[in-house]
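Note sheet for the following structure.
The letters A, B, C, D, E and F name the chains in turn, as written, and every chain counts its residues from 1.
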Amino acid sequence: MQLYKKKKLEIIVEAARSRAIIEMVEKAGAHGYTVVPQVSGKGNRGVRDDAHLSDVFRNVMIIVIAAEDIAHRIVDQSQPLLEHYAGIVVVSDVEVVRDEHF
Amino acid sequence: MNEFLQLAAGNLLSPMVLFFALGVTAGWLKSDLALPEAVSKGLSLYLMLAIGFKGGAELAASGLTGTIAVALVLAIALSFTLPVLAYGLLRSLGRLDVTNAAAIAAHYGSVSVVTFVAATGFLGNRGIPFEGYVVAMMALMETPAIVTGLLLARRARSAAGAEAAALRTPLFSRDVAREVFLSGSVVLLVGSFAIGWATGEKGLAIMAPAIVDPFKAVIAVFLLDMGLLVGRRLPDFRAVGWRVMAFGLYMPVIGGTIGLLSAHAIGLSPGGVTLVAVLAASASYIVVPAAMRMALPKANPAVYVTLSLAVTFPFNLIVGIPLYNAAARLLAAM
Amino acid sequence: MNEFLQLAAGNLLSPMVLFFALGVTAGWLKSDLALPEAVSKGLSLYLMLAIGFKGGAELAASGLTGTIAVALVLAIALSFTLPVLAYGLLRSLGRLDVTNAAAIAAHYGSVSVVTFVAATGFLGNRGIPFEGYVVAMMALMETPAIVTGLLLARRARSAAGAEAAALRTPLFSRDVAREVFLSGSVVLLVGSFAIGWATGEKGLAIMAPAIVDPFKAVIAVFLLDMGLLVGRRLPDFRAVGWRVMAFGLYMPVIGGTIGLLSAHAIGLSPGGVTLVAVLAASASYIVVPAAMRMALPKANPAVYVTLSLAVTFPFNLIVGIPLYNAAARLLAAM
Amino acid sequence: MNEFLQLAAGNLLSPMVLFFALGVTAGWLKSDLALPEAVSKGLSLYLMLAIGFKGGAELAASGLTGTIAVALVLAIALSFTLPVLAYGLLRSLGRLDVTNAAAIAAHYGSVSVVTFVAATGFLGNRGIPFEGYVVAMMALMETPAIVTGLLLARRARSAAGAEAAALRTPLFSRDVAREVFLSGSVVLLVGSFAIGWATGEKGLAIMAPAIVDPFKAVIAVFLLDMGLLVGRRLPDFRAVGWRVMAFGLYMPVIGGTIGLLSAHAIGLSPGGVTLVAVLAASASYIVVPAAMRMALPKANPAVYVTLSLAVTFPFNLIVGIPLYNAAARLLAAM
Amino acid sequence: MQLYKKKKLEIIVEAARSRAIIEMVEKAGAHGYTVVPQVSGKGNRGVRDDAHLSDVFRNVMIIVIAAEDIAHRIVDQSQPLLEHYAGIVVVSDVEVVRDEHF
Amino acid sequence: MQLYKKKKLEIIVEAARSRAIIEMVEKAGAHGYTVVPQVSGKGNRGVRDDAHLSDVFRNVMIIVIAAEDIAHRIVDQSQPLLEHYAGIVVVSDVEVVRDEHF
């Protein structure tokens, strides 16, 4: 079966920022996204692992499959959104079956 | 004094405080004891619903009077103004930067529902009555403090030169407004209060087997969970620093005193005075942190959550509640 | 009429309906109020267990009689035939395609346990007794409608030319059969009914502090959660279209009337008649959607879930229950 | 014998055992019935808290006596020594390798809290009193068996030649020690016991609406969940093998007999003797598996979890409890 | 340490279809799989984010590491299974330590 | 925006071993990690899907983004830790925005 090259973005970000990121992802032209609702972790801003009372210490992982240009637009636009917030953006190469889907 | 010690000792040996202590110990020793997050959130919603509904039902029984209107205005006034005091103390004695000071200040103008609920349990165990509408006061105190906190942060920023830009951006973004006014806890508390008010005694009869009978036991379990959270936060004390830590201990006493005197002035019973003192003394750790994370992202959440949850909350639970109650009785006896 | 308005007003001011309204409002305003999913599922299982067990225990008390056997046959007959009526209406008045019409029809032959439970709460608050075995009728109505729905879809497909192939594939795949007969809700409802029946009064004494005393309060909380789901589904109304939407309002009245008359005919009490009307009027939103998603994947889940959950469910809860009860009393008085 | 059959039949028709059977059936048929994991863990913590607190409160009522001290020593002794017996049987009759034998042996020296709790329900339903401090015995039996299990495994390894190295590594790694002594269940059980003891009657009055009234109903629901787990494990029986399977049936009888006789010897009431027999007969399926997974990773968890959960647990629940109780009465009557 | 090239498949699919997909994955010859039990998302079939009452609006993510030929077989066979159902298949290159494990 | 090449490790391992793995990851020099707290799966050690009573049958997924040398060190050191335990390690190429973050 013919496969088409796309980019995969994995954005791990604190829950407080996920709404803003998802809105940006959609505006940037991605056709879809997937959210892993609760991940914990450690990064430059310390341990983030405690979702009991509020979402202040909860992370989510947002996965976006998109064409290269859209993916790069999302990467660019994510940077100002992540200032002062815990979050990383990871890009990789993937292949999909339906070119027009993404 | 003697009476206070007795109250304090009785409080220390209550299941509530002991379960809290068990939680702190287990959390500190890194036991894997943990309520599942869903249970923990469920209990927290239960407390909101129960306390709101009961408060509303009691207001329906007592009716809405002039005194009550005054009390509600007092609540809003306390929430708006306490952060100014807190901010001043944090900037001067606490030597904290503008943003963190504003963020923390907002927490202390708002309230801790669990501390309030524990205080009602304390009063209930001793048969001390209190005005049902104090719950409405609590609901009204949840959010005004956030506005003050944001104003303080903006004023400081504009003073620092970025004046024009700062004043042009709206104080509340849409996201922050939603976080504040549509926060699940606020909506459930206010909504349950309204339903309790509308359905009154009849409604209470239906809800009682779930929200009255097991209420105190549920608080005890919830405090176990709070203890676990506090215990796991103890290592974050390093992030806080002793000057700010001290603030977490003296601010509740100052706020509590203001609450005490003003509630006494408008004529509340000793039970009601105790609860208003607790409201003024306690600091939010659910609604305000979420709002601050959005509105003032430069402020360090490890500091404000640790301070309100791991310093002020235990202080109020263990020392504050009996202290404010002893003072309220004294005041009433004068 | 007067009596109905009174019943309706009383219903509107019950904690159950008010918590539902609170949920709808909060969901619609996109508040982040939400019961944790585990709590929500837990409450739903609690309702199945409690209603099943109590029904069984009451059947044990009353014994199995000829009337009961007739009632159970009636239940199965209603569930098998109501979808045919619904399908006809959806195809003609609703102008819906074959697959979606069949899928929706199956929902209306089945039942909504929460609507039923709310109706028992409504009766309970008014001290109106009802036959315990109505719960068994409910259990029997859960699934036959699914068979009719699938038959309707297949008949249409085979009429459309793919005849031979359509008739050769089995009606139920293994997965669908499992989804239908081994669905958690069905198993728990039927199992608890059986256990209630087997252990009778003794068993009920053991279970009562958990499944009788707080039952109504738990329904209220569950309805808050249902309200949140409904409120969040309101934007999906666009996907439904007004012709189908209207079906969601007139179908319960039609089904309810059929249920009412047939239950009256076989001699149930006004309370029992009310409940059978509710069963016939209500639409499934747990078991049938899951089965349809597997068996008729071309049908749009946003349509059938929205219709049964966000249109028919609130209609029955707010208007239907008092309406059917008023009618049942009228019928009994004739 | 007659009396045992009667007890056994009564036990079989209790909601507890029937809900367990419902769970096993549903799990075995691969129904999607499942308590959410959070609810399941929440119920398990509830049982620990409730049984611990009540035990502590009863000890506060009875006071700490010489008999109690003797009983506590007996508990520790049983937990340390039963694994040696189990290990011998597993090696000889069970023909099992050293590591798996040691891992399983540790489970049988420890206890199953749910079996214990079900036994208290069994006694409660029949109005048979028992000593409150048996709960303390249970708490003390949770962990010593783990030490014995690890010693057995190490002794075997060192005998097998790796002597020097084996003896140089510490018996308990830091992780294993934490898993054992800071396990959530152990901490909650012991902590609640201590709080119940400290707050006594007063504390119990506060906690009772949550931990006494609905207790038996909650056990029934929890057993439904246990049944689901057991039913889903049935396919793993293949991994176990008949020789080891048989061990899962005769070991509880042997252990139960030892518990029975020793508890009778130190003068416990028939209720207390029954419970000590249950403790000796039951096998851990929470604390010990977690510890073994860390300390003896070569042992197969599918074997030890299946054996204690899907063989010994149902055996004790259905046959064991009435059997040990009949024996305890007989012994008392002699 | 020597690493071996494999393919990673990420199949995001509605819960109602996960059983069928997993059976297919096993029949196709994969030696294992991992399931992230609850993810939400948006795609061509709209928002999927509501697991409260039934699983009708729940997604799962199935991860499979397999040799290239098996991976391609799974991609091929997934297409008919996904007709009428919400679901995407994403392929990427990965490396693993133990060749024979996958 | 300039992107920098890193390695992504996905370590799927039974919960009982996650603490040891995370300690090793940190000692090996990774600047962060993310944990997906509950995944189920099947591999050479059978089905792992039952987190109800204890964690004995629960898996977690640990994600680490790191520079190549650190990633390889983690792969090497993971092998002895996984002996006798259910677990796999998967390596892939990714790109990130901030070189110094990882």
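Quick notes on this structure:
The rule is simple: contacts are C-beta pairs under 8 Å (C-beta built on N, C-alpha and C of every residue); 3 or more make two chains touch, one makes a residue touch a chain.
Please read all numbers here as calculations on a predicted model, not as lab measurements.
In terms of the stated touch criterion, chain C and chain E have no partners in common.
Chains that touch both chain A and chain F: E. When the CA atoms of chain B are superposed on those of chain D, the rotation angle is 120 degrees to the nearest 5. When you average the Cα atoms of each chain and compare centres, the chain farthest from chain C turns out to be F.
Measuring from the averaged C-alpha position of chain A to that of chain E gives a distance of 19 Å. Each chain gets a centre from the mean of its Cα atoms; for chain C and chain D, those two points are 42 Å apart. Rounded to a whole number, the gap between the C-alpha centres of chain C and chain F is 46 angstrom. The set of chain C residues that touch two or more partner chains comprises 35-39, 41. Contact of a single residue of chain F with at least two other chains is seen at positions 36, 92-93.
Remark: the chains found to touch one another pair up as A-B, A-E, A-F, B-C, B-D, C-D, C-E, D-F, E-F. Against chain D, in their complex, chain C makes its touches with residues 36-39, 41-42, 45, 49, 53, 178-179, 182-185, 187-188, 191-192, 194-195, 198-199, 203, 206-211. Interface residues of chain C, counted against chain E in their complex, comprise 35, 37, 40-41, 44, 175, 225, 229, 232, 285-287, 289-290, 293-294, 297-298, 301-302, 305, 309.
Across the interface of their complex, chain F is touched by residues 1, 3, 6, 8, 26, 31-37, 63, 65, 92-97, 101 of chain E.
By the touch criterion stated above, chain F contacts chain E in their complex at residues 12, 36, 38-44, 49, 59, 61, 72, 75-76, 79, 88-93.
Residues 14, 16, 19-20, 46, 50-57, 83-85 of chain F are the ones that touch chain D when the two sit in their complex.
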